[in-house]
Amino acid sequence: MNILVVNPNSTESMTRKIIETANRVASAGVSVHGATAKGAPASIEGHFDEAMSVPALLSCVRAAEDEGVDGIVVACFDDPGIGACREIATGPVLGICEAAVKAASMLATSFTVVTTLPRSVPVIERLIHGYGLSHQCRRVRSAEIPVLALEEPGSNAREKILEEIQRAIEEDRCEAVVLGCAGMADLTAWLSEETGIPVIDGVSVATRMVEALVGCGLKTSKINAYARPNVK
Amino acid sequence: MNILVVNPNSTESMTRKIIETANRVASAGVSVHGATAKGAPASIEGHFDEAMSVPALLSCVRAAEDEGVDGIVVACFDDPGIGACREIATGPVLGICEAAVKAASMLATSFTVVTTLPRSVPVIERLIHGYGLSHQCRRVRSAEIPVLALEEPGSNAREKILEEIQRAIEEDRCEAVVLGCAGMADLTAWLSEETGIPVIDGVSVATRMVEALVGCGLKTSKINAYARPNVK
Amino acid sequence: MNILVVNPNSTESMTRKIIETANRVASAGVSVHGATAKGAPASIEGHFDEAMSVPALLSCVRAAEDEGVDGIVVACFDDPGIGACREIATGPVLGICEAAVKAASMLATSFTVVTTLPRSVPVIERLIHGYGLSHQCRRVRSAEIPVLALEEPGSNAREKILEEIQRAIEEDRCEAVVLGCAGMADLTAWLSEETGIPVIDGVSVATRMVEALVGCGLKTSKINAYARPNVK
Amino acid sequence: MNILVVNPNSTESMTRKIIETANRVASAGVSVHGATAKGAPASIEGHFDEAMSVPALLSCVRAAEDEGVDGIVVACFDDPGIGACREIATGPVLGICEAAVKAASMLATSFTVVTTLPRSVPVIERLIHGYGLSHQCRRVRSAEIPVLALEEPGSNAREKILEEIQRAIEEDRCEAVVLGCAGMADLTAWLSEETGIPVIDGVSVATRMVEALVGCGLKTSKINAYARPNVK
Amino acid sequence: MNILVVNPNSTESMTRKIIETANRVASAGVSVHGATAKGAPASIEGHFDEAMSVPALLSCVRAAEDEGVDGIVVACFDDPGIGACREIATGPVLGICEAAVKAASMLATSFTVVTTLPRSVPVIERLIHGYGLSHQCRRVRSAEIPVLALEEPGSNAREKILEEIQRAIEEDRCEAVVLGCAGMADLTAWLSEETGIPVIDGVSVATRMVEALVGCGLKTSKINAYARPNVK
Amino acid sequence: MNILVVNPNSTESMTRKIIETANRVASAGVSVHGATAKGAPASIEGHFDEAMSVPALLSCVRAAEDEGVDGIVVACFDDPGIGACREIATGPVLGICEAAVKAASMLATSFTVVTTLPRSVPVIERLIHGYGLSHQCRRVRSAEIPVLALEEPGSNAREKILEEIQRAIEEDRCEAVVLGCAGMADLTAWLSEETGIPVIDGVSVATRMVEALVGCGLKTSKINAYARPNVK
């Protein structure tokens, strides 16, 4: 089974981290292919960055489709271009926000999302409203760190995230935490150990859930919304 | 007051129709500027077309911002790239779906949307869910006509739309109808006359609503979600 | 174009302020007609006041209809008697709560309402639930001032409102603020300047939105819910 | 225990039917007091009639409060003026729509409402949305009969209602039916027998539910929304 | 009229308190029959306890049905096994959570629930979501006391509950309070007096509401969801 | 990795079919353990059957926990006892309804569920409401066949299911179909081929999704709702 994990921003170090994360959880026999959305913004912080990343993301998907990929993970927590990807893909396509919050809803009755910047909070709230999980989402919080700070070795990003999770447990009475950025994937195990509750990283979960759907022989529906694009 | 009305697809005849429609309703003293998203797909029929149109749409918005535009209408019923436009715009930005369904909710307790192709139905349903108006939307129907058929003089598009509206009144018991495509704008008056109920075209309504917001001195909020894009 | 702006309470000083506000934003060629609901309570603070104001409000609407008014604004944030007004009106009818929260939802992903008394908070929450915008409304707050204190020159009402807005920005992380009383209309510009976020006054917005609907040739639907009252 | 059952329209024959219905179900020791909203419209068919009935309804409530009534039923399915009544009442106040749909939700997982005229359908849908029971309400149907036809001995109203209920069972797969007009109260037993499913009349249910609340020592909350009207 | 009030846990002292409460509010002519779910857990604190209590609860219901009971109250705030009870019952069946929150929604625009342990909070939130009353429920709070502490004479349970209610009034701005455990029934009058707002105990309210439904001749629907169990 | 797949009814032929299905999709290295809820009803058709099956189901879970199982699938579409299982389990627990509808929501914008008997329709609708996916579920349909007919070689169950799916595509305009009974698992591939849309079987999907969660190192949250049962 071949799974494409695309990083929709153009920061290669992030792609490497994402591929490592996906490989760590992938089943035996599953081949993880990474891709970086060349020409996309260096990080996706808001609607504009997201919109500008999608054409490059779609090129990655097209290329992988040509090579017969079985399923696709879009590794940015804003779930950019998912509908468009689903139109051009044959197999399942999952964004890491959708995968992570749906996983959280299976492990706990409530969860809080901890993301990077305040400007991403309403974006994520809207996604969760669309996924129908607002009633299980206690709150979307930001740790007030830019996405790329997660890539800087000396930054205090991990401490700030841990503190925000501890506040979430205390103030939101949440039972699980979802990490709201692909760049946090490498902190998952440590954060879970420190806090004692499920800490969910979308990259791992999306990789394994796409595997799950492919393993059941399921593909993206090709009638109506996700039918292949009309030829003009 | 200067208002930009962008056609996010690349079909110039559609841009002309949209500008005419906007000019027909614009108040004295309001200058309507049209723009076509060059390089975008010829019509927007689904998520892929939508995603591919947004960068060109954003260029139009950037250019208009540089010239000091006061407000912006995005003239495609899928409301593409609205969040991204709002980040780079100073004044209000409105998609024609949002404008039309919110107008409908002010004139009637329920409405039905009549759009072009079946594949657009779930896209529009999702938008309306996001706008919080699912409880007033009886149904989203398609008249089963491709977007560009609306531009062909000899097509029977207008009859099919009229028939679909008549079915909506009968079967959905809706009190108003929203036209689910910018390309239907020129049929509004005729359809309203034939059916006796409010028939709402998003291009006109969005133009006048942007005018309304600008006229009240209102601009897009610049904290959090719609703050200007971060410089990388 | 003739627009009626009715004050559903009987305080003439409030009517004057409302008319001034509406005139300040009205387009050239639009004639604003004010009316006071004679015999109604001096202010509308709760359901009882609201109910007692409606027959007088409906008389104002009837009179304006007889003179061929094109659209109507009901200038009380509890949106009293809107359905009844719509039944007897030909053109569009808008309450200032509906207009303001729908405008807010176009300029920001979230907003907080600041109203006068605590007793009005649940009334407004219920309206917003009905308009489908609960998911964008962070909170309805009261500045703990009686409606008529807004008319007293020496009161500290404006300071209390400013402070409440500042708390809303801090605690609710809202991106815009809606003023929850027609009597606050004259403070809008000042509050917006002080806070740097969109501050939305329903009187202005409703006036321009009714203009917008009339300008598009739209009228209140006359089938089902808003059909003319049955003759007994 | 003294319970007021107010008919908010001015048709005395309807008041008599309502009192009879309430008396039929009232517990021993409960005294049912009837009242007619003098000066109100002869029937309540839509928002305008409703608004015009409320001041007269409130007078009936005031008078009963002065005589120490324990609880109040407002016997019109549009639940007119309930909030206002609750402000001036000491004991519980129930509208027959709220009582009936909440009762239905206790006896079945889904119900359909059968009302008189099409124009009342959206009014009732909105009430049910406000009561939070849209997910249990299959549909609101009208039997296409004017309210006062229910008072005419020779009309075929009862047959039309029966037929509409039979269609509801067949098409809506509902498990219970709520009668959407106080004037249908006398048909309940017959309709239930004919159809074999629970047929719920709001007048009976509201009377007994008010009894229930009074019997538990419960009164309307007097903080915030239902506090007594402010003295001006 | 015969009403069964079942305690789904096996603690007899709790059954006695529940029967006393039900008897205190029951109308003249109503005979309250108590039952204890023998073999069930000593208290119901979470999903496991709840599941383990249901078969014993169903035996109590079966036995009462055989003796011709008219209506049934399930006296645990988690509303265990209600659907199953409704399938085997002829008359109405009410859980005390459903009864209490629906009663609260008739007396106030908002309420807070105060329950025993934190682990029950999400259980109750989910119930309220299912009953459609999330928009009126300000918050579900726990007083951090185990269920059986309510049975210990010397515990400070009542003080902790009072304090939690006072916090709810202050912080949640709720207008009524629902007691989230059958074991709190005896504190209702005292708590209501201390706080001045409606304090609602589910046991009393459910008893009188079942009475109300029976008194109107209403029974559980026997088509679809609550039809008698299929014989295997 | 060890995964328990429990059949909560007592029909062994169904357990065998379920185990086969789970084994067909399980990854290399995953060991599927089947269990039958001994003493439970022969099939689960409604709330009563469901309630009576849960204690036996919980025994199976307890036994598997003692042997160190990693994750659990509850293979009945009514998702019986999931909360209780989660309290006593260490790893993830998934019901097949939750797994299937969440999978469907990843592959299509809308789906219809096809179940066995009409009485199960409202049960499933309620589950989907709780999972937050009502807005993507077009309809829950029944093919009007008893659960055990699926086990009879000569029955025309598969044809009836195919016909119901074809009606769903035509009338509901759904983009995917979810099979609403564990007993339909063996028909999935055939139905998908016949209809050309994704047909989703909960047993396969739940097995692979539990694998996915376990593979990511995720376990059921042990604070609040799913904490281990309190010792009495």
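Before moving on, here are some points about what is shown:
Chains here go by letter, A, B, C, D, E and F, matching the order in which they are written, and residues are numbered from 1 within each.
One rule holds in what follows: a residue touches a chain if its C-beta (ideal position, glycine included) is under 8 Å from a C-beta of that chain, and two chains touch if they have at least 3 such contacts.
A quick note: this is a predicted structure, and the numbers were derived from the prediction, not measured.
Number of steps on the shortest path from chain D to chain F, with steps defined by chain touch: 1. Touching chain A and chain F at once are the following chains: B, E. One finds 51 Å separating the Cα centroids of chain A and chain D. Centre to centre, using the average C-alpha position, chain C and chain E are separated by 42 Å. One inter-chain figure worth recording: chain C and chain D are separated by 31 Å, centre to centre, where each centre is the mean of the chain's CA atoms. The residues of chain F that reach two or more other chains are 109-110, 118, 121-122, 126, 129, 134-135, 173, 175, 224-226, listed in rising order.
Viewed as a network of touching protein chains, the structure does not reduce to a path, ring, star or complete graph. Two chains count as a pair here when they touch; such pairs are A-B, A-C, A-E, A-F, B-C, B-D, B-F, C-D, C-E, D-E, D-F, E-F. Contact residues of chain D toward chain C in the complex are 41-43, 45-52, 54-55, 58, 81, 83-84, 86-88, 117-119, 121-123, 126, 129-130, 146, 224-227, 229-230, 232. Considering their complex, residues 118, 121-122, 125-126, 129, 134 of chain D touch chain B.
Those residues of chain B that touch chain C in the complex are listed here as 25, 27-29, 92, 94, 98, 102-103, 105-110, 131-136, 169, 173, 175-176, 189, 192, 196-198, 200-201, 204-205, 208-209, 211-213, 215-226.
For chain A in complex with chain E, the residues that touch the partner chain are 109-110, 135, 173, 175.
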